[in-house]
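Note that the chains take the letters A, B, C, D, E and F in the order they are written out, and that residue 1 is the start of every chain.
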Amino acid sequence: MHTQLSQQTREILTQVSTATLTTQLFKRGLRNVCLRGVKRLTRGGPNMVGPAFTVRNLPAREDLDQLSVFENPDHPQRKSIELMPEGFVMVVECRGETDAASGGHILMTRLELRGASGFVSDGGVRDSASIAQQDMPVFCAGPAAPLNLARHHAVDFDIPVACGGVAVYPGDVMAGDADGVVVIPRYLADEVAADAARQEQFEVFVLELVRSGRPLAGTYPPNADTLAEYETWKAGQEAVGA
Amino acid sequence: MHTQLSQQTREILTQVSTATLTTQLFKRGLRNVCLRGVKRLTRGGPNMVGPAFTVRNLPAREDLDQLSVFENPDHPQRKSIELMPEGFVMVVECRGETDAASGGHILMTRLELRGASGFVSDGGVRDSASIAQQDMPVFCAGPAAPLNLARHHAVDFDIPVACGGVAVYPGDVMAGDADGVVVIPRYLADEVAADAARQEQFEVFVLELVRSGRPLAGTYPPNADTLAEYETWKAGQEAVGA
Amino acid sequence: MHTQLSQQTREILTQVSTATLTTQLFKRGLRNVCLRGVKRLTRGGPNMVGPAFTVRNLPAREDLDQLSVFENPDHPQRKSIELMPEGFVMVVECRGETDAASGGHILMTRLELRGASGFVSDGGVRDSASIAQQDMPVFCAGPAAPLNLARHHAVDFDIPVACGGVAVYPGDVMAGDADGVVVIPRYLADEVAADAARQEQFEVFVLELVRSGRPLAGTYPPNADTLAEYETWKAGQEAVGA
Amino acid sequence: MHTQLSQQTREILTQVSTATLTTQLFKRGLRNVCLRGVKRLTRGGPNMVGPAFTVRNLPAREDLDQLSVFENPDHPQRKSIELMPEGFVMVVECRGETDAASGGHILMTRLELRGASGFVSDGGVRDSASIAQQDMPVFCAGPAAPLNLARHHAVDFDIPVACGGVAVYPGDVMAGDADGVVVIPRYLADEVAADAARQEQFEVFVLELVRSGRPLAGTYPPNADTLAEYETWKAGQEAVGA
Amino acid sequence: MHTQLSQQTREILTQVSTATLTTQLFKRGLRNVCLRGVKRLTRGGPNMVGPAFTVRNLPAREDLDQLSVFENPDHPQRKSIELMPEGFVMVVECRGETDAASGGHILMTRLELRGASGFVSDGGVRDSASIAQQDMPVFCAGPAAPLNLARHHAVDFDIPVACGGVAVYPGDVMAGDADGVVVIPRYLADEVAADAARQEQFEVFVLELVRSGRPLAGTYPPNADTLAEYETWKAGQEAVGA
Amino acid sequence: MHTQLSQQTREILTQVSTATLTTQLFKRGLRNVCLRGVKRLTRGGPNMVGPAFTVRNLPAREDLDQLSVFENPDHPQRKSIELMPEGFVMVVECRGETDAASGGHILMTRLELRGASGFVSDGGVRDSASIAQQDMPVFCAGPAAPLNLARHHAVDFDIPVACGGVAVYPGDVMAGDADGVVVIPRYLADEVAADAARQEQFEVFVLELVRSGRPLAGTYPPNADTLAEYETWKAGQEAVGA
């Protein structure tokens, strides 16, 4: 279950946009792949890419969810951070509750130190100003001061979860950029990455045409003439090693 | 985990209202015990009472959630129905999605035949007109024609779930009436039932006073005089075997 | 502030629909007069009519809102019930929170006994099955088992409130039927009632025409011919004492 | 565009449930076919069936949407009622705004008189108590006293609309029962009806089996034995002319 | 319908704030003029101003809304971009669905090249990081990776639309700044612009007074003394050619 | 009621995060202390700290809420600004309505000049680009061009209010940073501040450990060894005068 991404697929996915990925998944009949209500908190840098390592939260219950629970070294919120394989993205189910944190600066620092490729939650995070400065990409519903126990009971990890209204199975590939976070079913990751790279190369060409004044009809999508032109352009690109 | 309720507690809980139960749980520091957005579909009859047997749904994914999944005899939606112990209440996590069904008439008929004490979902049900005629109490978000696969992927059962924004652990006691559905943590069921019965006996007395014209002050809550009066009334009630 | 409605206006308002009242208020430039999310719980009988007597709730705070607060005979929820003048309608601000009760059967029984013309809340009520049997009209967001303290802190009464997204000033006239609850500014009550009665008389006539097969054009709204016909019809109605 | 439904398809659709219809549409890749937030207001009787005749509302603007607009005999709300072909279902886009009416008793009476097969709106209706007594099926978001002008500007009719989050094209077939309203693309109506009838016949058989104590596995969905049993049962049914 | 704005009105509207414009429209009885849920994506620069050129989207239907639709050169999303007159603002109805894009970087680039004054949608946009760098002002519900077909079916353009809960008629004047987007009915544009300029000149003066320590009473709104002072100030301003 | 904060408590609260404050309040049984839907508009600088001075808004009514109301020097919106004691934070109840302003640049300028420690509203603000440049911290639901009268009727001030779903009593201590705004009941302010300072000192130490590679177990929360280590560290810190 904790198979790593191939280096090639990881590299491609770091380059292509989530917009392109949703198009590729749409072509394969998948319409519900982008987490709703989940935005990038950290700024700049390359895209987030990595297989999902999941955490599931239930609603809190006052008698169970007191600060003393963290004294248990097996508490799922803490244990999951220590067990997540390097290069993975932690994905936390918060049932879309935006008014409590799914983590704060200390936990995010530990996660980054352990080599995480990112953190995704459909709940909030606290210490958001500090976290926004981290290198590790963090995507969430927004800042929220209250501690997780005010709303959440971490109950399990490394199992299928719902996040932002989308199913995330352990090992699915998470990709994130300024447009949000997309889930790619694991078995599709390599082919989707390859097709996405091709699509983006073509769109670089189309953007050039559009900037030169071409109308959309015949250009985007392309007619036969534009496609022929593209083949020439592509050959030229490859000749110069682009 | 599948311990039955004591007969005495079940009998009391069938008599007392969910309103009373929330008051008893509030006294014990539990404020989030009543499922939000979950209403009774079936009409009349005694309250629903039984330990929870849970089912968890993820968001559907188009490639996984096709009609053929039901050919698998281990599909969690179907298997859970066959495995639930008699006298339990099935509690289904639908993430509050109201626009698809968590079950229809055939499944509810099978459930009733298997001796279920009720069905609770924070999603919809289909064939709602037929289900509304069943004896087994059904609580849900309302009618919804679309089949579960349009929204849901049944992923597991007999594990903790979120339903209507409240945590439900297997074996917790579910109680339902016209006001909705309340979850009683298993370890509190007996004492909460006993105290609820006492509270309701007192409220029968208070209602008599109020109907006779007594003002609220001193009556509800009672002052020392009213409490003394209640002791007399209670003795009278017991004398006549009420 | 606690002036009663004139008997004539009360009688008219008991006959006319809230639909007609919104049209009359719309003619006077008032578009936000109907409480959102507030439905009739009680069934049958004439419309609810009466001047507003208001109660305001804040969000609850755990240290302040314990069951012991009701031992204070001046607690606003209880005191307001004892002080409301006969014939008034209690209007309770619950900030649209639907998951806790603004009252239960004992309080509603006392309110009815004190001669209230109705109860309106944009929160829930508990013991809803019992309350639904009362003669006093009750309008609310729906059933909700949890006691008010789980969400609310009654802080004041007989002051302007927001209910269902609409401003209600003490003494404003509340009118309710199967379509919901409408607020009529006190100073407009007599003239709105008179115009509403005229409008409904005309609509009885129009409905007769429509049932006889007349098309909408020229009938609803009426052209000069239809208006002339109406005058004749009205004279006939008055002749037979209708 | 105003082609009538075949008599056979209309008859079948009057018998089968919207639950069955969503399953048939799901098999054909259509997952978003059931109007969200739209409930039956009228009670009892057969299902609603008919091709869609649409009306589109924009948000109201205070300077344009005064009562005088109805003096225009070409006002789209009124004109559409007079022009809708017999046997059609009026479908009104209200952008899911539930706090104003898309029509009242007089308009619904005229619509019924003109032979409408039903009325569907994702907004409210006023005079809901009277409309609930009509024979013509009415589906809407619920009762709402305020007149349409408080929220809506009827701008066009007989064009594609959005209703309850679903696209409705003129002539699409609307089917409604206690579970809600389903849209069948016109070109699929005959085949979906035929398959739905077959599905429901099979489910009658399955329900008999389940009532006799059969477990779900092998029965629902059926294995080869159950299918063979069904063929025998069906032959028997046909022999007795059921 | 495609009349351009007068140069003078365009210049004024580029200077005044949307806050001022809502005040001017409020004075004329228009309370619902500012698009809800629509924020500026692009940063800096002068305000967006231009007449509306509209596009309408329906909910997508899986059989109709496949990627091949764009091969049709008359597809409304693409055709509308090519036909919009220079200086106009494209306004797209997305029914407030925030989880899919109404356009991406290539389309926005083409739109800017065609001389558009801006783009407004109550849905999302994709490639948001690139679009945020464009000079052409873009206002939307936020970033959203999924392509439009995941949610939308572009059905028509240059007709009245609903955007952000507000009616937009073709040719209405759109004005946008950091506070959002306001719609000015075309026939009011010149007079509202003129009055807005006067209001803002006065508010510059008031701000000076407030910064010098004046209390609000008598200053904002002004009493007779303040108004006299303003006349003097204004004369001074004009003397120095401000 | 208008007692100032002690200088020591104000200084501590300016240093500690709202995240820490919610933890301290959670320890004391207070779970609902952080305003929902309220974000910082102004950037940078120290935290907002000050006792609450409140303003309450009702829904607007068209006949009452015209621009002329501001000619009344006792209008609560204006008068409250002039009467608020220095060092306080204005807290405005807008019932969570985000589509109108609770104030604009002129009012915020006056408030800052009067020595306010901040402004908090669960509604919008207009002139948001100018306000974002002010030194005085402003927290709100976001930018909103429409004037307050489009939605609100300022009815009273210096009374308990609801803001962002949380009760705020006059004199309660408001604290705000990038994570949002927290309310500290007045009677707890000193002890919560003291404990928060201790908690943050410990977390500085923990962050150092985590950055040095320590796992969470035994560190956060600390076991006996870590606690001992902390005592040593703290002594060191104090020795160097940190």
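In the analysis below, a residue touches a chain if its C-beta (ideal position, glycine included) is under 8 Å from a C-beta of that chain, and two chains touch if they have at least 3 such contacts.
Note that the coordinates shown come from a computational prediction; the quantities given were computed from them, not determined experimentally.
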Residue numbers at the chain D-chain E contact, same meaning over half shared and different meaning under half, come out as same
Measuring between mean CA coordinates, which chain is farthest from chain D?
F
Could you put a whole-Å number on the gap between the CA centroids of chain A and chain E?
32
Centroid distance [mean C-alpha coordinates] between chain E and chain B, Å
50
In angstrom, rounded to a whole number, how far apart do the mean CA points of chain A and chain B lie?
38
Rounded to a whole Å, what is the gap between the Cα centroids of chain B and chain F?
40
Considering chain B alone, which of its residues make contact with at least two other chains?
31, 62
So which chains actually touch one another? I want all the pairs, not just one.
A-B, A-E, A-F, B-C, B-D, C-D, C-F, D-E, E-F
Complex interface listing, chain E residues touching chain F:
17-19, 21-23, 26-27, 31, 33-34, 36, 39, 177-180, 182, 203, 206-207, 210-211, 213, 215-218, 220-221
Which of the residues in chain D come into contact with chain E in the complex?
28-32, 58-63, 95, 153, 155-156, 159-162, 165-167, 185
Could you pull out which chain B residues touch chain D in their complex?
62, 67, 70-71, 73, 78, 81-82, 98-99, 101, 104-107, 109-110, 113, 126-129, 142-147, 149-150
